[in-house]
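Presented sequentially are two complexes of chain A, the first with chain B as partner and the second with chain C.
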Partner chain A sequence: MTASLRNVAIVAFAQRPIVTRDEHRMATEMLYPVVREALAQAGVERDAVEYQISASTDYLDGRPFGFVAALDVMGSWPPRQDLHLEMDGAFAAYYGWVKLQAGDVDSVLVATHGKTSEGQPERIFNLALDPYYHAPLGLDPISTSALQASAYMARTGITDADLARIVARNRAAGARNPDAQLREAVPAEVLQRAPFHVRPLRESYLPALGETATCLVLAAEGVAERLCERPVWIHGAHHASELQTLGARDLSRSASARLAAERALALAGLASAAEVDLIELSATTPVEELILLDALGLDGRSPDGPVVNPSGGPLCGHPIMSTGAIRLGEAFRQLAGRAGARQLPQASHAIAHGAQGHCLQQNVCFVLGTERRWR
Partner chain B sequence: MKRPVAVVGVGQTKHAARRSDCSIPGLVREAIDRALLDAGLEHRDIDAVIVGKAPDMLEGVAQPEQFLVGALGGHLKPVLRVHTAGSVGASTAIAAAVHVQSGLYDRVLAVAFEKQSEGNTMWALSPSLPFTPPLVAGAGGFFAPYCRAYIKKTGAPMHIGPMIAANARENAARNEYAHLREPMTIEDVMSSPMLWEPIRYLETCPSSDGAVALVIANEEQARRGPRKPAWIKGAASYAEAMWVPGRDQVSPLAGKVCARHVYAQAGIHNPWAEIQTAEIYVPFSWFEAMWLENLGFCAEGEGWKVIDRGDQRFGRHLPVNPSGGVLCTNPIGASGMLRLGEAALQVMGRAGAHQVDGVQHALGHAYGGGAQYFAMWIVGAAV
Partner chain C sequence: MHEPPADPVKYIETTVRLPYCYVAGDYRARQLRAFKDRKILGSRCSKTGKVFIPPLPNSPESFAPCTEFVELPDRGVVTTFCVVNIPVIGRSIDLPYVAASVALDGADISIFALIQECRAEDVHMGMRVEAVWKPDGERQGAHDDILYFRPTGEPAAPLESFINRL
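After this line comes the complex of A and B, so read on.
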């Protein structure tokens, strides 16, 4: 492990408000304006950014090579140094950070897209399960999340009322976020009256599936300061995966999230996640939020500690492939003082988390700060 | 400042139309086990796994790296999935090299695979898109017009494509892992059915099951390893937009820019003189002539003349695709990494019966999309 890394910052973030269905725009039409807006925030044209990464998945695009269409709206002329990851944008941002550490480029653009309304995500992500043993059972992301929630509730004794309170807190936060899909605060008692979708998850405990497009710009020290008045520096980042096989994992814990967080915090020189001001988690159910906070070494039921999902989180809008990128974007907005009505006072450190796969199979964790990490 | 990075292990499967003897995890594992054995390493020595494959519709599994985490040895490790169309195998290996170059990782496993017998490639590659007339012609139907444009632009005679195809098959006969190894003559090719003018049946790549894995490591590991490493002297991946007025689809700018960038990193001024062998992505015969020009091995319009003289044949000036290349083995997602891995084997001096003499520098190349994505590296025998 290298003792000293290159200081790399988020210098711009743009997204479209998350909606259930953007009826009049194709994915690329949603992506183009956010690429332009991110570049405008940085005050540069596309030529000034040396490397680009797009994040999307063919099955959501309903076609092979869906990302090829994104090339045009990302401004890929003249030809650009490029990579596409079939992953959530937070993982693409991680690779952008690695590429910047390699030292031969100083700036990276990360673009994400995905139109969940044009397919059936529950059927698509059934196809992500082991095709020989698991997919034929008909499991989908909600039923596997429900298995996980049952395992967690059985281990910890957490109650349905606790879950309702977590969702209510997220919904109240989402009401202050103009980019959120669900913008009404709902009291816990009301949420708790919703019918079960798959026990123990009520319909009100599930993420609002939506669609959007996002664009992040990352830049290394020396360039970042020119593109952004208040760059938000990456102090540490790591990711990890675990076996998909549901029966081979303790679903009530996330070993990969714990590992990713520990490594990211160690790089950041922080002893504990409790030292940050806010945490943006890709938690698509209240139980995932608790499991992820456990993995960060925090007690999800305690009123003290960092503010969790001041944006409202994925429970107020889950645009698949962009959800993790938005967590980074929201952490950037908070630390750069751009979070509007949801702005936290004097936040200096944040954790942003991305996840994908059934039952939090893959997790990426970033520690961000307002000051440079390395001299 | 730049850290040396090397390939220290190469493993590939036996490629075939249908590897019904193994599952997708089994196929991937066959390549990985061979690569680790080659590097003298075990799974516990690997810091991260970078996986590449072409569209998920080819096997009908969405983001299959997730169910493959166990087979990849990726449990509690970073696992990243790359997809850059046909170039994906190459861009995946390059992304793995970037991980090592960053200093964050010491030993990274790059894996690419396709098990095309699990699905229907023609269906998967023939989407019906809004506002676009459906070709229902797969990749061959898409690329045939590019070949026709090349022939029209250069006046190349019609026997060039068949010459390329027959030579590829002759090369594959020396490669024990290749899918199609039966010899064929230029006349055999010319009498095979026309699929997409000017591409005949025997001038098109097969549909294969196969996987390849590379262990990519830092200088310390490379010097400690059991074998001579292949040093990565230059690597890059570029892409260009589809709808640019005047875009040259026959010799795309992204390919030229990528090659120039990689040659500059490797200190190569004259690729024809300084590179001893090249593994380039030729899914349809004519692309061998087209890429020789695009990569700067000869002037524009001269690629077919190199073929006509036979200068790219095994034992001649610049053996191209001594492994037999994509025309003889095409597990799509793996094809690009096979090019880069074969280039590495050539500088390691371990390419077996298809070893080219005295290789100091070798090029590995792949392309994808509508000839929009390019990924390539130069490997060298010396650091």
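After this line comes the complex of A and C, so read on.
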């Protein structure tokens, strides 16, 4: 791929620390200060950003068109060009990038919210399955992840102890992230003693479901430099989906993650994912992490290669609809030198990944860099 | 293709049950608590001074935060209304009844309210109304602590006094 595209950068990212349940704030009260903070980082008022996208799901809000409540706290007056996406914020950021490529706007605000504690996510996401054969079985994201884990472990010979080590590495990283929900390092031996939730997944191998709100600001070259001292440029991005029918897919692999990664890397002009310094994956189980690394052409068991989830990843906090946006935000923080105690030295390239649906049905992959991609 | 069966299965029954428990939220929690004391709280935009009810954390119009709570009187003006001739699910209200938009005195946006204690045909834009509360000891800090609004008998408010608060 030799396309020359518009240079677009992430110029701001704000999020609330992830919590299990914010008793005192409704979703809009969580989101408003985050939008203000992102704009403050960019040093602009709301009028300076031309396009806005919110990412949320009405099923978590528990009301049809629940997303419109976000408009009141996103600065939507006078009327703005606006999009709502019933997907994780990473996909909203992808749409923002596409909108910026079209050239009719120079700046985009992406806001995400989701009060996971107000409803029952295991019931809600059961409804994302086919209503004839899958949903009536009572499958939820944990049980479909367990099906996926069994398939992967059978194909590769990965063991329970391997999974525990992956979780332990994520938990140790999360302990350095003030925005993470779980902030305690736990040794693999301890994680491996937790009871099975849905075999082969132990309770300690599951993501901490939480809630937050986030806001990203994207801007095109010419504007980005005014909004941020160290903009983080999008070198490549791609979004791919696969079939809904779980039985029609090889659950031990993610063909759509592989496609998204290959296309994003090609656009970025990188021969391999091994060339980046860090990777933030929307992996909600240790098995998903391995499947995604496979899709990126990396060996998850090798100690070499890019640092994976220096933020602690979704295993240290999975605020549904914001999880992927946080992966982008964390990659931005690392490359912009804003990652605090978890800052990696001299990181220049990163991959950020977002996922949606059961067993990684949809994947979006970004390649980011500290320098402009195209001249 | 084969012919469909003579006696096909036509439907699959699916019962979806999704319980929710909403937090009241910081601003609404204060408003609901104030209902117990027969008080109505709004919030004031720090930039334009506009007063919103229910109280909002920020002005949707100016995007500025609302950093001050304002106690509003429990009376105001009917800004627009409709006459309903169909029953309400879950409530027993004599038909026809009036559903109105009421701008409380001092508020810059209106709330929705039931108008009672008058004939539907007597309701008009600009009619002055007041809240009828549940008695002391029965208010739970809920929206139905205000049972309905009723006419005060005061002279009608001129259109220009509420045309921007519809």
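Just so it is clear, the second predicted complex is superposed on the first by the 373 of 375 C-alpha atoms of A that agree within 3 Å, B and C clash if a C-alpha of one lies under 4 Å from a C-alpha of the other, contacts with A are read in each partner's own complex, and residues count from 1 in each chain.
Here, contacts are C-beta pairs under 8 Å (C-beta built on N, C-alpha and C of every residue); 3 or more make two chains touch, one makes a residue touch a chain.
These numbers come from a predicted model, not from an experiment.
Residue contacts after overlaying the shared chain place A:Thr28 against chain C, while chain B stays out of touching range. When the two complexes are overlaid on their common chain A, residue A:Glu118 makes contact with chain C while staying clear of chain B. Applying the stated contact rule after C-alpha superposition, one finds that A:Ser150 touches neither chain B nor chain C. In the superposed model, A:Pro131 lies in contact with both chain B and chain C. Chain A is touched at more residues by one of its partners, and among chain B and chain C that partner is B. By the touch criterion stated above, A:Gln343 is placed in contact with neither chain B nor chain C. In the superposition on chain A, contact of A:Ala240 is made with chain B only, not with chain C.
In the superposition on chain A, A:Val68 makes contact with chain B only, not with chain C.
After overlaying the two complexes on the shared chain, residue contacts for A:Arg46 are found with chain C alone; chain B is out of touch.
By the document's definition of touching, of the two partners only chain B reaches A:Phe91; chain C does not. Under the contact criterion defined above, the residues of chain A that touch both chain B in one complex and chain C in the other are 26, 59, 62, 71-72, 75-77, 124, 127, 131-132, 135.
Chain A contributes residues 1-2, 5, 26, 57-59, 62-65, 67-69, 71-72, 75-87, 91, 94-95, 98-99, 101-104, 124-125, 127-132, 134-135, 238-245, 255-256, 259, 356-358, 361-362 to its touches with chain B in the complex. Listed in rising order, the residues of chain B touching chain A in the complex are 1-2, 23-24, 54-64, 66-67, 69-70, 74-85, 91, 95, 98-99, 101-104, 124-125, 127, 129-130, 236-244, 247, 252-254, 257-258, 261, 369-370, 372-374.
Remark: chain A residues 22-26, 28-29, 32, 36, 45-46, 59, 62, 71-73, 75-77, 115, 118-120, 123-124, 127, 131-132, 135-136 touch chain C in the complex. Residue ranges on chain C touching chain A, taken from their complex, read 12, 14, 16-29, 56-58, 60-63, 65.
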